Amino acid sequence: MTSTVPQDNAISAQEQEQLDELYAAFAAAHMTPLWTQIGGLMPTSPRPDSVPFLWRWSTLLPLAERAGELVPVGRGGERRAIALANPGLPGTAYATPTLWAAIQYLGPREQAPAHRHTQTAFRFVVEGEGVWTNVEGDPVAMRRGDLLLTPGMHFHEHHNTTDRPMAWIDGLDIPLVRTIDAGFFEFGPEVLSTTETPPVSRNERLWAHPGLTPVGAPAPRSSPLMAYRWEHTDAALTAQLELEDEGFPGVVEPGHAVVRFTNPATAGDCLSTMRCEMHRLRAGTPTALTRTAGSSVWQVFSGSGVVSVGDERYEVGTGDLFCVPSWAGLALDPGPDGLDAFVFSDAPVLEALGLARTAREDRP
Amino acid sequence: MTSTVPQDNAISAQEQEQLDELYAAFAAAHMTPLWTQIGGLMPTSPRPDSVPFLWRWSTLLPLAERAGELVPVGRGGERRAIALANPGLPGTAYATPTLWAAIQYLGPREQAPAHRHTQTAFRFVVEGEGVWTNVEGDPVAMRRGDLLLTPGMHFHEHHNTTDRPMAWIDGLDIPLVRTIDAGFFEFGPEVLSTTETPPVSRNERLWAHPGLTPVGAPAPRSSPLMAYRWEHTDAALTAQLELEDEGFPGVVEPGHAVVRFTNPATAGDCLSTMRCEMHRLRAGTPTALTRTAGSSVWQVFSGSGVVSVGDERYEVGTGDLFCVPSWAGLALDPGPDGLDAFVFSDAPVLEALGLARTAREDRP
Amino acid sequence: MTSTVPQDNAISAQEQEQLDELYAAFAAAHMTPLWTQIGGLMPTSPRPDSVPFLWRWSTLLPLAERAGELVPVGRGGERRAIALANPGLPGTAYATPTLWAAIQYLGPREQAPAHRHTQTAFRFVVEGEGVWTNVEGDPVAMRRGDLLLTPGMHFHEHHNTTDRPMAWIDGLDIPLVRTIDAGFFEFGPEVLSTTETPPVSRNERLWAHPGLTPVGAPAPRSSPLMAYRWEHTDAALTAQLELEDEGFPGVVEPGHAVVRFTNPATAGDCLSTMRCEMHRLRAGTPTALTRTAGSSVWQVFSGSGVVSVGDERYEVGTGDLFCVPSWAGLALDPGPDGLDAFVFSDAPVLEALGLARTAREDRP
Amino acid sequence: MTSTVPQDNAISAQEQEQLDELYAAFAAAHMTPLWTQIGGLMPTSPRPDSVPFLWRWSTLLPLAERAGELVPVGRGGERRAIALANPGLPGTAYATPTLWAAIQYLGPREQAPAHRHTQTAFRFVVEGEGVWTNVEGDPVAMRRGDLLLTPGMHFHEHHNTTDRPMAWIDGLDIPLVRTIDAGFFEFGPEVLSTTETPPVSRNERLWAHPGLTPVGAPAPRSSPLMAYRWEHTDAALTAQLELEDEGFPGVVEPGHAVVRFTNPATAGDCLSTMRCEMHRLRAGTPTALTRTAGSSVWQVFSGSGVVSVGDERYEVGTGDLFCVPSWAGLALDPGPDGLDAFVFSDAPVLEALGLARTAREDRP
């Protein structure tokens, strides 16, 4: 759709002068005509400013380590987190228009102080262990492959009780909340609520039993389960591929297993503004090409492969992160050892607002 | 509320004759006046016909075994199930006005043929193992402490592949469905769909992972998870009591842990018409006395205790079953080894219709 | 499905004796075998005890008037209501297993005192006016064609401020609530809360505006709107038939307009346990034959027609009431002036429990 | 919260150099540290870029009329609509970060061609009449005080069949949909689907009856009712204030009546992304000061008053529009004839995402 003024014919100099006067009057009155803008405002399909981009783990991790040497963590800066900044969104620290993704780094024996905010957060661990995140005073161990939640307005703090540093990925809805101006933030106490290091958090002990609801436990609006452990995720993905081998349903397409992380108290998405999933691709079974309204960020968890995002093509390995702008074609082609990948997206937002849309092309 | 005609004063013989004529005319026209019935129709609080009753496992099991010797199982009778018949509901085979409970018995190498029906069913195993129930062709092992579902209109059949018999408890909503005349029934094939004996069913492989939803699996309206294994139930109850010891929330009242069996695709009750829960009582912590609109059936799973239901008082042990009519006071006092008890009720029905009500009295 | 013991072969006298002993032991233990009952308990399709039946207005009204002469209305009997008693449910005053329907009669200047109960109620006016029902102190005028609600646990009382008597139809879920033992009842004050006679109730002034929700009004779980006026119902039905004439959607089948009375705060059924609808049939357009799981009661509001219910066939006119048992075939054939009919059913109950089912046969 | 690097102490030149190198490496890798940005990203309460602003009808209307003389309406530019451009969001045509508001002008006998888009739209008429908007081929008259809907992906076109021009307000979620890149747009046919001018649209004939649902009509996800007529809105507001005078509930605060425009098929907001309400303030009763997360745009419909938005203070009259950024304090003080005002906001978005928040201060 073109965005020109809808007048094919030449206009006279006088007419042009009158138009110029009109547009100047619009500007003075803080008014903008639709007819000069509609193509940009209302394209026939999404035209994101954000672009496909790949951040390599081999770049991210050394920089995070260097920040660990030079930058303290504490009140004010709050977290030693370095965000992925989409080149198409200059001046921001946003991976996509709705999603914030960062690598966070906590050195040996370091602590990050408590705060809470309306922004929803999670952490995903691609390697390492040794940090506990205390969510409302409940210490949650962080280990390889785990997804850990921090729903909105839950106080949280981190502590590393080991002699090794640890890095992980943070995902938040900071850009979305900033756009709609819905962010509130509060500092917590200076001193951590606890530095205990239990292997299993209290919320897991209450809620991480399949199909079992604790009748006496408070049922918050957000997920009561804060930790999704790799052992369960891995077992669920393994089972889907085995069922496929046996001829039964379970995979989303040939060789492609997916689990969605969900709130056991509602069966909906684990977070109100972000969908989190783990995908497992069997070697030799590339995915169909899909387009989805809304954006996402992926991190390779293990294995390797070739990823197409729009016109870009990336060879990816463990830890690498890439973003998928709205309606960009996405296809994953796993390497010889297959590919495990974590993804988070703004799908719950688009679904809640009636704006979700997906298209799928089978590939030759 | 009294159910007499609202006239305190004596009436004349002529008036009585006119009234008699009127009432005869009502009867002839198939009409019934409210004012002579309202006390029975609309009592100030529920006045169930059903009564508290205890069925001892030591009575039930031998009779089921004897039926195993004398009565074949097969097409027509369909199941060797013997129902608990509430003495207050003569002429029926109902445990309560909404709930059907039976002991089912399958001898060595026996099979029960496939059928399906709109009535919702579950099985609970208080002892033994060796039977698989195939639900829509998916073989589900039945073992001690397990809850196995058969949602409405799912074909199901049973097979015992061992040399030992097995008995278990069936729960259905037969009385409710009969009252509202909503029952449909179909026979399945004469030959079983499978006699495989996998330790884990396919539905569990897809759905029995805490907080993980298989994106590629069909999501039915009824629960996609057909088996709730004792190892999970036991672990969840144990955790609640341990959290209580540590000073954290989780139990419903002191010493009283409860898990509700829920549909992982909706987080609601595992069955549309019946609530299923497992309770664990610590020795020395009797429950409060509660009254609940709607009825329930309990089975002691392990341990012992003293149970009060209305004016009745039962000493109960493993396998014993008792029913709780609507609004009857219920209190459980666990024995020296504590008490584990399974319960199913019509609570989802009353909640769906806006009729749920509970009262609770702390005991001295 | 037959309900015999599943044994084709002759059994020996000794075997019979053993069986007799077993069955006697069952009876002594309050146990009932499934295999001798299953055909009745679980039929292949509903086999209601209730039967189709027609109650003529020309019979009902004179008997109600006679009751007005002989029986006072007041505390204890509470209401001068005479229920339709289904011949298939002897000993009850039930129109169907879930629905209670009655003609209620209030003489000139009479009052009926306040009470409330968990049973849900409505009133429908086939003729006359002059009575106000005060629902929680809000006087609601009752006029021809109006549907007036009394959701559960709302205090209500009636007063006739005219010199003429008035009769109307009451519908309640008394049988359902009695079956599940969920009934609670309370008397209100002896003196009426008000005897005002406004033409429009307060709840209508807040809620009877299409698509407009009063932001400052309390939003109860049950319908906040207590009166559905004939002028709106009539206009909505008229519009549907006019749209059909113009070639646009709106009717449910040719010549058949239907409006459902709904809760404006939820858009669901106006009552939690009963669905209420008004049907208008154009002359010359008989309905398809439909079967529905669950039961209903119809009242002709105006016009005439021939109604088939199961094997019965009724010629009906204004005020006549008939009941439709579960799964009985129903067809309506309007007379030369068409047919307007009010119906209430237990459809919300079956839908809430996942038991709704409908079949439809086009007629030759 | 400050956004400085969390280091109070002076650092050495060498340290600074190392930091500079690190930050340069971040930039090269398209990474941005959180600790330098967190104050802006995550403020303690919303810090909108958008500012309070007032657009006067006396400015808007003449400019729209002038555009009517100079700019044709037709394919490409699509609509002669001039948007309100918030001075705090330069380079955009957005009234707030989520809401688009414009004055649209259609001259005598003019037409605007059909298109559809995922963006949700409505029109509100502050004065005039004569235009019909055809929504999916259903002509909807536009008259003073009416709210007319165009839910997402509904084809719509306008035609003015009179000799007078007409101007009205359009509201859309263009900024929100642009931010999350969820916009799809399609042209419709060049020729209008109809130029009929019925006084009542077909959707109203089916759906604009209080509490009455047409059983035979299709029930879309979006509102089936496209027109909310002033006569109903006015009557509902009048009733709330009368009930207040009589001592009954209904107003949201003294002298302040509010109706929300809702979808009669769901009882939720009339549009998935925008809440629409009409407020009526009685003279002499200023509102409390409220702060709300999320933004809104108001238009005075009749009367006058003084409005405070944040630190701004506006004297307003009929047709004037003003926007309220997130968390800006809002208070309305009606003039001697009271004040009627229409408002639309992004409240459904914040509620769907769990981000809604409101604070209220009673004024001295």
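Observations on the structure shown:
So that you can tell them apart, the chains are marked A, B, C and D in the order they are listed, and the count of residues begins at 1 in each.
As a working rule, a contact is a pair of C-beta atoms (placed from the backbone, for glycine too) under 8 Å apart; a residue touches a chain by one contact, two chains touch by 3 or more.
Computed from a prediction, not measured in an experiment: that's the story for all the values here.
Under the contact definition stated at the top, no chain borders both chain B and chain C. Touching chain C and chain D at once is no chain at all.
When chain centres are defined as mean Cα coordinates, A lies farthest from chain C. Work out the mean CA point of chain B and of chain D, and you get 52 Å between them. One finds 29 Å separating the Cα centroids of chain A and chain D. Centre-to-centre spacing of chain A and chain B amounts to 44 Å, using the average Cα coordinate of each chain. Among the residues of chain D, none is found touching two or more other chains. The touch graph of the protein chains shown is a ring with every node of degree two.
Remark: chain D residues 1-2, 4-7, 15, 18-19, 22, 25-26, 29-38, 41-48, 50, 53, 55, 59-60, 63, 66-67, 70-87, 92-93, 97-98, 100, 102-103, 117-119, 152, 174, 176-187, 221-222, 272-273, 293-295, 325-327, 346, 348-350, 352-355, 357 touch chain A in the complex.
Taken together, the chain D residues at the contact with chain C in this complex read 202, 205-218, 223, 225, 228, 232-233, 235-236, 239-240, 242-243, 248-253, 256-267, 270, 277.
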